[in-house]
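See structure below.
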Amino acid sequence: MKAIHQASLLKNRALAPQLYEMELLAPQMASVSKPGQFVMVRIGENQDPLLRRPFGLAGIDPESGRIRLVYQVVGRGTDQMSHWRTGRTVDVLGPLGNGFTWTEDPGRVILAGGGLGIAPLLPLAQALRSAGKEVTVFLGSRTESLLFGIPEFSELGCELQLATEDGSQGFKGFLTTPLEHFLCAQALDAVFLKAKEASEAGAGHAHVHTHAMLREGMKETGFHQLYACGPSPFLKVIGNLSSRYGLPAQLSFEERMACGVGACMGCAIQIKNPDGTLKTSRVCSDGPVFTGEEVHWNG
Amino acid sequence: MKAIHQASLLKNRALAPQLYEMELLAPQMASVSKPGQFVMVRIGENQDPLLRRPFGLAGIDPESGRIRLVYQVVGRGTDQMSHWRTGRTVDVLGPLGNGFTWTEDPGRVILAGGGLGIAPLLPLAQALRSAGKEVTVFLGSRTESLLFGIPEFSELGCELQLATEDGSQGFKGFLTTPLEHFLCAQALDAVFLKAKEASEAGAGHAHVHTHAMLREGMKETGFHQLYACGPSPFLKVIGNLSSRYGLPAQLSFEERMACGVGACMGCAIQIKNPDGTLKTSRVCSDGPVFTGEEVHWNG
Amino acid sequence: MADLHVNLAGLQLSNPVLAASGCFGFGREYNEFYPIRQAGGIMVKGLTLEPCAGNPTPRIAETPAGMLNSIGLQNPGVDAFLSNELPWLLSQEAAVIANINGHALEDFEEIARRLQGAPGLKAIEVNISCPNVSHGGMFFGTDPAMASEVTRRVRKHTSLPLIIKLSPNVTDITEIARAVVSEGADILSLINTLLGMAIDVKTRKPLLARKVGGLSGPAVKPVALRMVWQTAQAVDVPIIGMGGISSAQDALEFLMAGASAVAVGCASFVDPLAIPRIIGDLNAWLDREGFAGVRDVVGLALR
Amino acid sequence: MADLHVNLAGLQLSNPVLAASGCFGFGREYNEFYPIRQAGGIMVKGLTLEPCAGNPTPRIAETPAGMLNSIGLQNPGVDAFLSNELPWLLSQEAAVIANINGHALEDFEEIARRLQGAPGLKAIEVNISCPNVSHGGMFFGTDPAMASEVTRRVRKHTSLPLIIKLSPNVTDITEIARAVVSEGADILSLINTLLGMAIDVKTRKPLLARKVGGLSGPAVKPVALRMVWQTAQAVDVPIIGMGGISSAQDALEFLMAGASAVAVGCASFVDPLAIPRIIGDLNAWLDREGFAGVRDVVGLALR
């Protein structure tokens, strides 16, 4: 049985102007939640604002029974949340959706989070590190103050690459640029290495980087999965990179939601069937994580 | 210029189950408010509940800059108010309406408050006592726990008579019964006294209590004004007593309100013009206090 | 325990609180919160003849005390309903009502034909009021002649209790009500959504991809209630009232206005337990106020 | 400072934020909060030929994000308006628009006649959409032929800019809009209130003495916006949009949907300073977004 949780608000503080983190005591939920899942928070008891607001789980601690949200104030729902005082009861529905998946073995993975899309990568990185993986994290945001999670990712032993649109921290521009450089460099290194090995072994190869070569190289790097969360134009670029480099991607989407549980069909996304036909899936209950391959990018 | 006040909530506590008092710091408002005026409180910042809620001023202290409300939880607006914590800012519009009036000379007056109608009588009693009047207060409610203000009225040196519908305190039944007894007894005493004086002076009178006699007697008692606030059936009885005993009444009415300032015509009441024709007045801005004489009681 | 059973022109339900079409899918999602047989009935997501992919996103916009949707009847089609959804719903002992939609008169007929004889199906609700499709939809429900025609055609093909779902986007709802009743509607359900719109001031464009959408939720309750009240006085068939119901008090308002049962739409989104909560509170209220059965409340405010 | 002036078919206003009729009395009350000349215009309380006492109480009921009213056009009559209210309004330098109402076609004509030549009066708004009177009222606004006839008659007697105020309680608002424009309406204002109802579960009776009332406030905004958007595409005259506006964002939604000006109704009840606040915020938004004038925003979402 799914349930609504009356969680106790343990912490609610500003990380930066308009950026907040919230910790909730919700033991039952914390014990079953997985990285990539989300919750729907009720804003008030009145009829306005009416709908719950969706937030990805930015922290899951079954031991202490806590969950964590990181949210940005963008409208009146999040504005009101930012004024909630600790001790208050928060009505939370969740965990919802299907989270990210991974294999319980070592290997190299890449995480890319744009803006608030950083949030669900935090518990994911934790899980991946526990599974023994080598994790490289790309974080991007509009400006330095909106980058969060850096200490947590570092502490987990992830390699970090940063980008801000205004250049206040890391690469100046979109996160996808350093990510693409990284993928390209990794793949080429592997290609060169192989070529070198091959030439040392006597064989001769032309140095043309075809897509096939890059994909070939990527395989050699040991990177076997890309995880990303962020605005949908960002996910589209990631989806592109994923197919160019043959690196499977798990992408976490956002869409306007009403029910959050799969009943209203509000949060549609076009998904390709294996036979190439399209079907309309629900971001909330069929997602929010979809593979780069199955998503149909319209336009 | 009228204004909206952002008042600081100093106190908000239960007086009895479902009965609360609230103290607000609103110096500008406290400095201009008069007994019998009311305020409109905004419940939230959202669009639901939409309208402000009207409450009579149950305390006005220009010195400390405080105003006081006493309210009963009857619906979601008052329910939400009961959960407000001190320190919070409360959006209050007021003072609104015209208060009670009185003359600055001694004399005897009667105050009658039914249910929450007790509230505006508190600052009124204070003002009347300051003016040097002898004040008899009749308080009625459903049950003992909902009677409030007793210590305050006593402290002011008012004479008190109580009634509860369930008999848990004072007279069992409606307040208007002991009030009528009181008026009748006072008037008759005066009549008898006069008769006695007259008979001692040699004149003879038939002992028939005509209405004219009661009114005559009432004049002798020194009681010159009746003030009342409460549900409208209660006010109707008071209006009746007022005309029967020739004791002018000031009655404070309630009506469903939207604007509270006289703009929407929502809070209509039928008032008699001096020439006997009717006009529709506004409880909020033409009242809430009307004289017993001018009110047209329909039905 | 007050008696919650209702009988709407032969449609027997264990209680008068139904799930509104399109707000409950095919029951699977809310069955993870409570056994959906607790609902008085389930009006499933609107069915079309063929599977339907619905409208582009955004399909949802919040409005003051309400929401706009432009789902566009995304559904697997009537055949998939019969083979996959209905059997599952019946296995859960749910009281199932099929909500049917068409772009043309023939669509309605054909769906009714396919549903005829479907074992376990309790009733058919004909949606002549969907504001979210370009062809058909609301068009059928805003013209008395068209509404009559749809009713007549579906009536021919079904022996099930026939519910016609009315559109609030009309000048006089009683005119449409009378028209469809005269063609054999057994029950009326109202209201569907009000046609509405929201604009995103930032992008300077309508918020919904399809520009306009259907307004529902508490905001529309006063309009819905008025229409139920008017319709109850105009026709003699039972009414299933809906529009903004989120509490037992709301449900009672509709019952008192003349509805024999009610449906809960987007309140389930806000509170997945809305339906069982309303049933429980309704029961408690009836007991407290000394009513033997919910039927005794119907139409109290009409007197 | 963006240029807030608007010119609606000759009706020149200092800014596009007006006070809606019936929500601002004759301006006296809100003049105690701010100088009412700040409002772009004031549509006064609906006038009738004779003084009118209005409906019994309760006249007000709160609903989710909205309110119902059944005032019933309480007003001192057109003559008292001319002798007492108009001179005072003009002394405050307010831009005054007379809202006129009738039980019969002749009433509209006679009021228009009496207002003709009234010095300082800016325009006439004809209310063919009041849901709160038994005779006339909304009846005129829900039938295209009647709406045309009222317009034609009033047009004969006035040289002032003629505003026709449309009812939302219709199947197709563009039909009525076209009808009144073809008879000489210079400007359309919409929407008036939606017919609604609320029931007091305790007393088991309608909350309003007159049973039904007019719904307004934020709840109706999506419907109002959709109707403005539809009407702006159907006719070529300027539109004054209203229905649930309580912020500059709301006002911008209406302007983008095609309204040339907006009116604020029950938001003034909640915040007596709503009108000057909206004007200020609108101005700030225009500056921030680099618009030279408010005119440049009109209809942006239509493209």
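Letters A, B, C and D name the chains as they come in the text, with residue numbers starting at 1 for each one.
We take it that a contact is a pair of C-beta atoms (placed from the backbone, for glycine too) under 8 Å apart; a residue touches a chain by one contact, two chains touch by 3 or more.
What you see is a predicted model, and the numbers here were worked out from it, not measured in a lab.
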| item | value |
| --- | --- |
| Target subunit C, source subunit B, minimum contact steps | 1 |
| Intercentroid distance (Cα basis), subunit C paired with subunit A, Å | 38 |
| Distance between chain centroids, defined by C-alpha means - subunit B, subunit D (Å) | 38 |
| Rounded Å distance between subunit A and subunit D, as computed from the means of their C-alpha atoms | 49 |
| Distance from subunit B to subunit A - Cα centre to Cα centre, in angstrom | 63 |
| Subunit A: positions in contact with at least two other chains | 47-49 |
| Residue numbers of subunit C (touch at least two other chains) | 64-66, 217-219 |
| Chain contact graph, described as a line, ring, star, complete graph or other shape | complete |
| Footprint of subunit A on subunit D - complex, ascending | 64-65, 218 |
| For the subunit B and subunit A complex, residues of the former touching the latter | 44-49, 76 |
| Subunit C partner contacts - residues on subunit A that touch it in the complex | 1-4, 42, 47-52, 93, 255-269, 278-280, 285 |
| Residue ranges of subunit C in contact with subunit A within the complex | 22-25, 28-30, 32-34, 45, 53-54, 56-62, 64-67, 69, 71, 74, 217-219, 246, 266, 268-273 |
| Interfacial residue positions of subunit C with respect to subunit D in the complex | 63-66, 68, 142, 169-172, 194-199, 201, 204-206, 211-212, 215, 217-223, 225-226, 229, 244, 249, 252-253, 256-257, 300-301 |
